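Following this line, the structures themselves.
One chain, chain A, links the two complexes that follow: it is found with chain B in the first and with chain C in the second.
== the complex of A and B ==
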């Protein structure tokens, strides 16, 4: 187990900056989820740590060992690939034993370690099967066992659950987390699923266009997004662009008739982004208690049944459309008054 | 008046399956005819002819073939196996290099012998490997040695020519298979402590084994049946079986022994094919 430190890592593919001056630290035994949309550079980052991508500049350190220019086979990292990359001509036993054979372990030690790894991922009895004779979930566990059996200093998981259906994905997410905690192994977990990242990680690193947008613990990154991209990526369903207005009392923005403050440094007629989550809006004023809130007014223009809730499209007097999730059934075209906690409305 | 009940006429109804079977047969018929006329009939005639001699029907032609050409049979098998091994080594090395590194020059150059006819290839190598050929001139200039023996008209020259002519096709097939293997399979090996040599030997080759076997079978068959190259660059004694067959037909008019030699060549190829087929069937079963 080791601390991972990345300093000013950059990588370009022609004109495209896949990684742009990325710096981060993952402490020993922690699980860091690298989150971002397709093309954000998250796979390039994990491949750079594994040694499959040679970076243009920057450093990668495992504790104090600089591995930036080391060959992949010498880094002692272990990776679980998106497609698992289980070798089809080898049995599950042979797949797991491969790394141990390369480390010239004795046959006895190999047998013991493989059994340990199989028990770890709950696959005892499947060692003589070939990968194609197992299910997707089992293949994912074999890939995990193959990576863990060599006692790597750092575990790299490149979208390990993305090929599985939602039910299995949900279950394996927690199994991976439990294993990671049990083995206390420093882990980098690549995903584009914000829910997966927030539920599994000790630390979330949100990437976009090769740059870190925000790095924080799951609760902080969710409740205090740095910028509209972070807020939107982490599930904010309302991103509204509004004009800054000015009157005797100063600058303000109007949303649903509510007068909202303007961030510092903005001028009249500049644009601001107002961000709010659909499920943080309430019709019940009492539920917000004594805390300060905004009152937003509008008219329901459309609605959609979501099971436990209904999603309403609410048209405001300023011409904006808000998406709000409410449990109550309301008629379309009804006027509605909504309340939102001041801290839950982000203005950039 | 009661309406007349409709009389059901018997009709010949062709099912979709029958229609598909007929149209399928029509589509494959030209190819099937060509195969029958140009391959199956001559093959059957040749096998039948190998059992017919002046002494009547029997194994006389085979006995004569083994007595007269036993050494040539062994020589043919030996040359073919050596060629096969060397083609495998060169093709795998070239394909591995090109799998890991994109070098357009090598990717172009290695294919050139594919477009050179056997006759030209044989003649080129005769000039290249002759006692005063290009190779010896180059070696003499570099090392200062003189009177170097020529490799043309020797088994070594024959093998070199075969390898030069045969490895591009094998490389083309093997490289195609290597490139179809996703990078992650190789990276998984490197990630666990392997190197590129191990990745080729333990991952790429086993995964691509069916294609490698096809490349080797094609190399074997085209080497064992080649007449032009052994004629142009091979030793005068022993010779490869196609030369013996041509000799029996052209100079002795002895079709019986020629056919027997042909059948022996077939049996050698069939032995290899059986191995290939048993392997693929086993794999499919698994």
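== the complex of A and C ==
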């Protein structure tokens, strides 16, 4: 178990910058989720840590050991691959034992350790099966056991759950989290699923175009996104582009009749992005207490039943369309007044 | 209701039987003719079947001064050596072509294809003139060299495909857990490529065993493999004798088909589908 430090890591494939000056620290025993769309560089990052990608510049440290130019087999990282990469010609037992054999452990120790790992992932009794004879969820656990059995300094999970169906994915997510806490192992968890990242991580690193967009704990990154990309990627349903207006009181934008402030540095006739989550508006003025809020006015143009709530499309006077989630049943074409906390509207 | 299904069952059965008989006839028909010829002691036109059957020509082929056994021994020896050499060349070549981004990759693959891409006779005539310079004409090494040139096409291409079908992540996973490149190759890559290597070896063996044109130009008349011997025999209108050799030539192919099938059923070939 170790602290991971990455300094100014860059990697280009031709004209594409897969990693662009990435720096980050993951403290011992923490789980860092690296989140981003496909092509954001998250896979390159984890493969660079494992040693399969040679970086153009920057360095990678495990505690004080500089592993930037170390061979993959000498790094003592353990990786769980997206397709599990179990060796089809070896049994589950042989798969898990292989890393220990390479470390020249005694036969008794190997047997003990493999047994420990099998119990850890709840796979006792499947030792003699071949990977093909097990289910996807079981293969995933074998891959996890194979990685954990060698006591790696850092565990690398490259989209470990993306090949499983939703139900198993959900359950395994928490199992991985529990295991990680129990073993107190520094972990990098690659995913493109924002919910997975938020629910499992101590620290979320959001990547796009090879650059870190924001790095924070899950609640902070969700409640105060740095920029529209972060907000949108973390599930904001409304991203509205509005024109900046000017009158004798200064610059402003209009949304549902509400006068919103403009971030500094903008000029008249520039555009701003307004970001708002569908479930953060309310019809109940009392519930907001005496905190400051905006009042947005509009007319319901469309609605969709979602079970616990309804999603309404609200057309504002300025010609924008807002998506809002409300529990109450309202008729289409009704005029509606919505309230939202001032700090729940992000304007960039 | 039951009658309908029963008559349907009969219909499909009859159709299937007809199809099987047709396929059997197409596959085994020509072979049957050869088989009959090899046992025919007298077979004059226009009879549909030989007037006299017997083992006379088989006996001739295997006894006394007959060159058949010698030719068979030479054919098998040459084929085995070609298999070994082709494997030794195509395993590293195939691995490199499958895994590394070689700048001259395409040219290399086309180069291996060259001997097959041109009409064979001019190629062999050129080879003969080159081989004369190095005293290889009429020698076993010369024949082996020709067979090798011809079979490397199959060998390299099949081996490349076999290595390509193994996901790189299987190798990376082993390196990640502490195995060196060399160890990964022998413990992970090679075992997983074995079914492909066996298929390639069988192909090479049969190619060499059946090869005629090149052997004729480089080897004849000093090196008599089974195919060149068969040619000599059939030139003398000795149909029976030629048929015996023809059957001997098909035996390895049939045997290897069985071996191949056994390997296709082996546990770990399922891994190739990963």
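The criterion applied here is as follows: the second predicted complex is superposed on the first by the 348 of 348 C-alpha atoms of A that agree within 3 Å, B and C clash if a C-alpha of one lies under 4 Å from a C-alpha of the other, contacts with A are read in each partner's own complex, and residues count from 1 in each chain.
In this section, contacts are C-beta pairs under 8 Å (C-beta built on N, C-alpha and C of every residue); 3 or more make two chains touch, one makes a residue touch a chain.
Owing to the predicted nature of the structure, the values given are computational and were not obtained by experimental measurement.
Bringing the complexes onto one copy of chain A puts chain B in a clash with chain C. In the superposition on chain A, A:50 makes contact with both chain B and chain C. By the touch criterion stated above, A:186 is placed in contact with neither chain B nor chain C.
Of the two partner chains, chain B and chain C are each touched by A:73. Of the two partner chains, both chain B and chain C are touched by A:102.
The residues of chain A shared by its contacts with chain B and with chain C are 50-52, 71-73, 77-79, 81-83, 85, 87-89, 98-99, 102-103, 130, 146, 150. Contact residues of chain C toward chain A in the complex are 167, 169-170, 172-180, 183, 188, 191-192, 267-268, 270-272, 274. Of all the residues in chain A, the ones that touch chain C in their complex are 50-52, 71-74, 76-79, 81-83, 85-89, 98-99, 102-103, 130, 132, 146-147, 150.
Of all the residues in chain A, the ones that touch chain B in their complex are 50-52, 71-73, 77-79, 81-83, 85, 87-90, 98-99, 102-103, 130, 146, 150. Residues of chain B that touch chain A in their complex: 182-185, 187-195, 198, 202-203, 206-207, 209, 286.
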